[in-house]
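Here come two complexes built around chain A, the first alongside chain B, the second alongside chain C.
Moving on to the complex of A and B:
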């Protein structure tokens, strides 16, 4: 007589494969493979010294921004997804509870100024990185990107791609609240 | 047919040409350094266009990193130092050759493990088939 368990082995193997592939399919639909977790999370943000968009003779450094948490939003006038993100930033700029600093990435300053004039300026401050050299230190590869940097200059969170109300509510705001709670 | 072949040939020639032009002219010291550069950048992923290597990609991101890697080579940095520098910024995802780490154990050992499991099943089945003649008839069923 055939052992009763042996009969079901093919079915079990088949079911295991179905589960395996189903998980893969669902994962692929809910995750974008382009968005890779940054190795810089919970590491100090790189030191930078970048000119202000409004007045390129003035520079903003990492040291000057220490003392309170802030959001750094990498954008560019040539970046389509930044246009998608822009209304969300306009709506949330005063609701984040921390300053929103624009990081104009590989962009001509006059283009960035025109873009902000046309769509509105959600930023409390805009710094420019025309060469993109500092952006390499931040691990930037796909604008828009958003970094949450705490009062000690440590990167606490990074989002690649446009911020949406959903991402803000589920990921970013809890991180900001956690910073306020810990006093850093 | 001849014409079709000619068209296919031209398309391939153009595609190859485009790939060659993606490499910007960098002033290498010698051929050995150029070979080293090409070998290194071929093993690195262009984060923006993930199915292309840094060597082959024409994206702005890849151009900038190629320049950066070239500069670091001129400074006498080793391949390992350059890779570590990139991994610190872009994570190990930038390496096409994934390092052995807790998150890559399934990647490294998953396939051999499945192969081994399959091998064990095959061996078990074969051993069942070589049992005394009386039981063979029953075991030649539709199990597999």
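Moving on to the complex of A and C:
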């Protein structure tokens, strides 16, 4: 009835959409896992002063944490992928060799407390950033994210997305051991 | 019952679906009756195994078998029994199983009611449905297995998302899925026609009741979801242009267009290509809706960073099903399309305009829904597209539709009849203006309100004029066949909906107040008196329960008890208290304790809000009514006529047959 090309229009439009999503999906995965270049790597972590989850009247500052390396894990009770990451953190918390500090991101404190109570608390300390203001300084892209910060307060490594045993074995642990080796 | 049995049942269903997809289609292609004959038994066999798997999952919930990971994540010991059972479809894996079960129900219904379809065509239809089922089962078994074990088993599970612990939500997903999956029938009919290289308008006629039924269910599902959002989310809103809502709204829009396109193809043998395309798209959007909502893709593409297999599978599946269908369409369309043309001022033209508006509206919604995802996928940040985008655009697109709507049924098939339009126009305008004046006298103020009343009257008057016309012109007993009744119900429902939507928006009085016990606030004509908050206990939650006494002119109207619940799992959920009425709702939702005994409260007076859902229910009834029409009773039509006879052009004073 119409020009033969016309019949292919829906297919072509749809194919373009699929290609676009495929690129987005693959690009996003590879990009997330490995190539997000954080401009803050090997730069000092931003100064922060955030309330503790258990007792919001007490504050934790960057200065207090200086002196030994630690892991900062950004999570939230609303974050689906954090639930996926959670069992891994529970299993590894004592094997990292450095303290694991929870960074409760844009979350209601009571929700976060209930979440940790329900699933178990893998953290040695939890600080809260309800407004997400400090997270901007850290360049937090979304929960979950994990930062390795050395004794001098310098960000040594950043992982976007859930930590998995694989990521921990291949990327995070070598970095932690390197810090221990260098004595910082 | 052993969850592993459920797993085995799913695998067996997968194997059967593979056979169901291959054997009948090969049979139809080769003309082999033994192969075609397998269609029925394979479809029934698959149903049996999926139903078995579903039953086993339900049993695992019922018996609190927390060694099943899915049960442990979505249920716990203190959950009331009905939420335990509905917990089966409370999350991703179980929803897919429900989807599968419903697909099988529709397939079996086809097997039961489609016995008079030509064998080759029927085999292809069942084969296409088999292919759809195969993809879903494969997805479930490889990436989203509901029967995965969790060892060691926890003593009690987490909790069903408290947002979902609501009677409305027990029925919401199944009805919604009935709608989504129901479009698979029209889809299968379209693909079977393309495969066979032949499209008969009688086949479109056979697909019509299924489409109407599916659309009716989808309408009900959306209405239930909207009503639920209204009283559960505590904002008093009924539609948020939320991606999850949009996901169900897109197939609804296309489905509404498809209903009309099918009617034209059935009765006038026109718009064949359009009907085929809409059949494909209605189902494509249903698939998209299912995946978008349940995969977590909408919350964040990060959800897929964790389970990349899911995202890739979904994309490949959509690409194969939709892309394959469109390719088939592109290759085969010349064989099956064509049809009659029609005059400019005919009923077809109006229906095509309506179709275009619905389709463009769907495209608009899709763009707004997927845009933030695209933004995130490309790392340019989450761009949120909210009501400021959807609201005005939707209004602009729907205005011509609403204006044209009364004239569709009143005009004639194929031929221009400007006289009819002119007479109808004068009457409808007169009625709409009259309604506006009456509303003004009844103290309606503001152009938006008056316009709302006029628009609603416009649509309803159109239906009324049509009813009168039929009453005068058609012989007794043939005045309102079910098909026409369905159309009138649905169109009238749109009028009721417009009245509800616009009047609620323009007349609502909403206040966010902080009140100490003993304080009062005036909202509209009502006085809300706050008597403080007390603690109560539910089956699986504790609640802060407020008491608000509402009076009007000193007379007691009602005492409401809004709650703020804390569930065992720790989640907090607001439970609004509502005094529902035909003409207004009084709505109180409890916010937070501000200290000093004071609480923040949301108090609303929402006139006509029930009309929104009332209109939806009428539309649903319309969809269902059409199914009962005699027109769709399959006659013993083993060999349907090659070209459908023209709809009796010679009949004296032929009445326009209604479309739904």
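Rule of thumb we're sticking to: the second predicted complex is superposed on the first by the 149 of 184 C-alpha atoms of A that agree within 3 Å, B and C clash if a C-alpha of one lies under 4 Å from a C-alpha of the other, contacts with A are read in each partner's own complex, and residues count from 1 in each chain.
In this text, a residue touches a chain if its C-beta (ideal position, glycine included) is under 8 Å from a C-beta of that chain, and two chains touch if they have at least 3 such contacts.
Since this is a predicted model, take the numbers as computed values, not measurements.
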item	value
Partner chain in contact with A:61 - chain B first, chain C second, else both or neither	neither
Touching partner for A:10 - first (chain B), second (chain C), both, neither	both
Which superposed partner A:80 touches (first chain B, second chain C, both, neither)	second
Touching partner for A:115 - first (chain B), second (chain C), both, neither	second
Which partner, chain B or chain C, touches more chain A residues	C
Touched partner set for A:21, first chain B, second chain C, both or neither	second
Touching partner for A:40 - first (chain B), second (chain C), both, neither	first
Touched partner set for A:136, first chain B, second chain C, both or neither	first
Which of chain B and chain C A:106 touches, first, second, both or neither	first
Shared chain A contacts, counted only where both chain B and chain C touch the same residue	1, 7, 10, 33, 142
Sites on chain C touched by chain A in the complex	158, 273, 277, 296, 299-306, 308, 311-312, 315, 318-319, 322-323, 326-327, 329-330, 333-334, 337-338, 373-374, 376-379, 569-572
Touch list for chain B against partner chain A, complex	47-48, 50, 60-61, 64-65, 68, 87-93, 138-139, 141, 143-144
Chain C-facing residues of chain A, complex	1, 4, 7-8, 10-11, 14-15, 18, 20-22, 24-25, 27-29, 31-33, 80-81, 84, 110-111, 113-115, 117-119, 142, 161-162
Chain B-touching residues of chain A, taken from the complex the two chains share	1-2, 6-7, 9-10, 33-34, 36-40, 106, 132, 136-139, 141-142
